[in-house]
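Mind having a look at this structure? Questions to follow.
By letter and in written order, the chains are A, B, C and D; residue numbering begins at 1 in each of them.
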Amino acid sequence: MRIGMIGLGKMGYNLAQNLLQNQHQVIVHDVNPEPGKQLASEFGAEFAASIEEVAAGLQSPRMVWIMVPAGKIVDQVLDTLIPVLEKGDIVIDGGNSHYKQSIARSEKMQAHGIRFLDVGTSGGTEGAARGGCFMIGGEQEAFELIEPLFQAIAVDKGYLYAGKSGSGHFLKMIHNGIEYGMMQSIAEGFELLSKSDFDYNFEEVARVWSNGSVIRSWLMELTENAFSKDPNLDHIRGIMQSSGEGKWTVESALDLQASTPVIALSLLMRYRSLETDTFHGKVVAALRNEFGGHAVVSSS
Amino acid sequence: MRIGMIGLGKMGYNLAQNLLQNQHQVIVHDVNPEPGKQLASEFGAEFAASIEEVAAGLQSPRMVWIMVPAGKIVDQVLDTLIPVLEKGDIVIDGGNSHYKQSIARSEKMQAHGIRFLDVGTSGGTEGAARGGCFMIGGEQEAFELIEPLFQAIAVDKGYLYAGKSGSGHFLKMIHNGIEYGMMQSIAEGFELLSKSDFDYNFEEVARVWSNGSVIRSWLMELTENAFSKDPNLDHIRGIMQSSGEGKWTVESALDLQASTPVIALSLLMRYRSLETDTFHGKVVAALRNEFGGHAVVSSS
Amino acid sequence: MRIGMIGLGKMGYNLAQNLLQNQHQVIVHDVNPEPGKQLASEFGAEFAASIEEVAAGLQSPRMVWIMVPAGKIVDQVLDTLIPVLEKGDIVIDGGNSHYKQSIARSEKMQAHGIRFLDVGTSGGTEGAARGGCFMIGGEQEAFELIEPLFQAIAVDKGYLYAGKSGSGHFLKMIHNGIEYGMMQSIAEGFELLSKSDFDYNFEEVARVWSNGSVIRSWLMELTENAFSKDPNLDHIRGIMQSSGEGKWTVESALDLQASTPVIALSLLMRYRSLETDTFHGKVVAALRNEFGGHAVVSSS
Amino acid sequence: MRIGMIGLGKMGYNLAQNLLQNQHQVIVHDVNPEPGKQLASEFGAEFAASIEEVAAGLQSPRMVWIMVPAGKIVDQVLDTLIPVLEKGDIVIDGGNSHYKQSIARSEKMQAHGIRFLDVGTSGGTEGAARGGCFMIGGEQEAFELIEPLFQAIAVDKGYLYAGKSGSGHFLKMIHNGIEYGMMQSIAEGFELLSKSDFDYNFEEVARVWSNGSVIRSWLMELTENAFSKDPNLDHIRGIMQSSGEGKWTVESALDLQASTPVIALSLLMRYRSLETDTFHGKVVAALRNEFGGHAVVSSS
């Protein structure tokens, strides 16, 4: 098939390469021309200097995959696409957009006769390049038209038409919530090992747990990789950033009145890690001093 | 009444003073002679240079209140007391002993005919001096014999015969578990205020919440005190020490298969506060880097 | 002073009565005429059949206190008030509105020259009647004009001008978050007592903890009251409803990247209590069966 | 090699079969003769009617693998073995024993010159039969003697000599703590899906997440299996039993002052699932009624 790819960051670049290596034709564009030129010279992509050029290079029904940072940029790209697309064309947002925004965008595009699919993408940068996991929401007929693309870029059984508009990004959001919990679970386990009397080799532990154990998982394999590079992680700090989807998952839990303590705490511990001292800690320390005369530690 | 007081730290000293100011006679002893001499000169206590002297200064049935740090010191004092006490004498452990140890000690003392009461003491150092809260476990008849002491040193309705041996210290342990949760609740509230856009005066907030609100409490009054001395707690670090009873409460919850997430988390956040960086944080940061190429922060 | 009170539910009725008993004049209105008539006959309120009548009965600068359920009703009342109020008049929202809505409403009212104060009210129905706690946000000059009202209805030191618009309702929201944590802390403590080997009288425990202990608090006194009516709470189910402010507190924590596990868990356990079985429990039970052959319990 | 296997429950039976199918000779014994006879007739095991017979059928240095329920039965088997074993023989405890007990048992056996290995076994019943994961603690020389057994029954790289006595069972314990967290994470994710507006097919979701996603894992594959049998898990109740290792992990976290909220909460939610109503819920419901007049739900 023939498709446009807008946004050539780590994920978009790898997806384009993946499509090209699977005999699809890809017209690529990014505000930064470098990655597009590289895809053209190395993998045979067609370089487009603008979004309009992407559209011009496709035929009805056009297929355009957007892979840009979630937020306003998605809307800017959509606004640029609307006048250059036609009724029946298909736009895919493969980024980490909030599912409610995807529903709104789908309605907006539909008003112009354009079909919009919200596609959650998992598998990391490596999965994008060599076979990832895709969760697809939107009009079923549109999905079926482009299904060959997913057959090309997903690992076997690694894509799912999940249902109506928003269901793809919602599923990806929950996936990330689970991911937060799994990562924190693994991390707490290694914290306990590191505090124990025993003298474990963490890389070896991650390796044995990756082979035949109940907790074997891709994340455990990645844990092995990480320890193979830095055996005690001495060179990195334990600052746990988050990029939005964990927060959205917890917000959804609150809206749905669902009791999800593990996902919630995984997020809160990330926030905790952003600080080396806390105001709540100061209050508790001060209170212990007030009622029991327990010593406090002076700051500075 | 006439009673011996062994252990004259912050709590024991204040309790002895409280008893003396309420017309009881107190023979006082501590390994450090200073506080005993001060109680003698200022409040009319009788100074004893040894535990044996305490016993010698009392008449059957003797009453001895032990107020020493929980752990082996309690056993050492008991072992010293056993040969110098007689059948029917009463020993009170007013410290923060584990209730299971109190049950064992009660049995041991009973084998010598000595009655043992486990008494949980709350109200802080101020409560000890001017009227505290006492939770009493052990033989009811022994309690009734010494009830006048509790009438003297407790605030009105501030003592309770709780039941069989161990029930006093168990009740105190649970009290401390609740205390951990309440303190963390208050502290988290102020953390949210401190992170908000608004410009609150924390002392004033604690004051208004201490007057007529649903959350008015002694802890909130102490919060006001703390902020009155250091308006933003700039001078103390948020290191939250713990002295054992919170941990015992969570261990009891595990044994009783009771779901007590708030008390458990209050303790775990105290442990978290002892570290400025964590191994679990390093693992999560490393994993984010592995699958998504997210940047990590180098440790210096 | 002279003030209108719109909304005469449990809280509004009691506040009106409180004002009337403190020598203020109150024009009262509610969609249901009964409580207004009762306030008129028993406490000398002036009955108003409509919001317009309330406004007509006041003189510039008018003062109108709104005490209606948070949400759209507040906007409806404000929309009715706008045309019948004048520049410089003061409207107080004393309900549990979201602080962001209060900021928006303040701006809207300001566009009509009307001053808007967001007032958080605590102390329960009893506090409303006999002396509560009030947290006030908005224009300081407007607050000072009506300060005598707060002197009348608050307990001593029980009101605070907290700052700019929204700061009153934000403070009340955080207050409720703390309240959730304190209630859950107390409740978990009693759960542990109920599961222990000891045979505690819960009313007596709550009473002794209300007298001289570190955890003495109004909530502990209410716990005593509750147990005095139903010693083991045999007659009520443990369904913990919530009315929005706890959820808003956690949402704020997420927005502020503040780690507040205890408040968050207090809310999540309330959600958990709404269900007698859970889907997450089914998944875990099914997984244990899958890998270890552990038996599951059949439903129905 | 030639080895004795004592305890032929789900795990012991499958391990014996696994060894036999990999050309090792196994003398099998269980208090229940049935599984031993079956192993003899189907897989060529040698049946032993008693522990003594097991020992008699082996030659120095004897190797005996114990696979019985954790607790006193392990000690009973060891006590029976001691008089029939000789200096230099090797005993393996492959069950879920507490690592502290394993250290004590190792010392006890060592006093008789018998070498004791604590081996954590993971991979479920299927792993035991077809290739599992083994974490081995104890004397290194003893491990090296029996390493061929692990090469036979583990998947490739699926065994690890972890270090001194206790390190194998400690590692298995932490493994289970991680497992609790992972299972709860997955389960909470599906709970959110089940409460959402979308109409997901859970089996398909588990399948797509098992193929190429970041959260792909054996547990996710088992989740797919479970949903394939009962699409909405309508036929099982969400009662989450636990068998001790999660509790031990949390107890270790308390002892090590390690902040592991996710593992702790995973356990506490299991305890919560054992009850359909809670005492803490009753207390909170009663308190809401006390201060705000909020309705309670009557029991019965």
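Keep in mind that, in the parts below, contacts are C-beta pairs under 8 Å (C-beta built on N, C-alpha and C of every residue); 3 or more make two chains touch, one makes a residue touch a chain.
Bear in mind the structure is a predicted one, so any value in this text is a computation, not a measurement.
Chain pairs B-C and C-D differ in how many C-beta pairs are in contact, and the one with more is B-C.
Chain centre most remote from that of chain A: B (centre = mean of CA atoms). The geometric centre of chain B is 33 Å away from that of chain C, both derived from CA atoms.
Chain A and chain C, compared by their mean Cα positions, are separated by 39 Å. If each chain is reduced to the centroid of its CA atoms, chain C and chain D end up 48 Å from each other. Chain B has residues 124, 184, 186, 188, 191, 195, 214, 218-219, 253, 257-261, 265, 268-269, 272, 278, 280, 291 in contact with two or more other chains. Against chain D, in their complex, chain A makes its touches with residues 122-124, 127, 131-135, 137, 154-160, 162-164, 166-167, 170-171, 174-175, 177-182, 184-186, 188-189, 191-193, 195-196, 198-200, 204-205, 207-220, 249, 252-253, 256-263, 265-266, 268-269.
Across the interface of their complex, chain C is touched by residues 214, 247, 250-251, 253-254, 257-261, 264-265, 267-269, 271-272, 274-275, 278, 280, 291 of chain A. The touching residues of chain C, when paired with chain D in their complex, are 10, 124-126, 183-184, 186-188, 190-191, 194-195, 218-219, 222-223, 225-226, 230, 233-241, 243, 261, 265, 269-270, 272-273, 276-294, 296-300.
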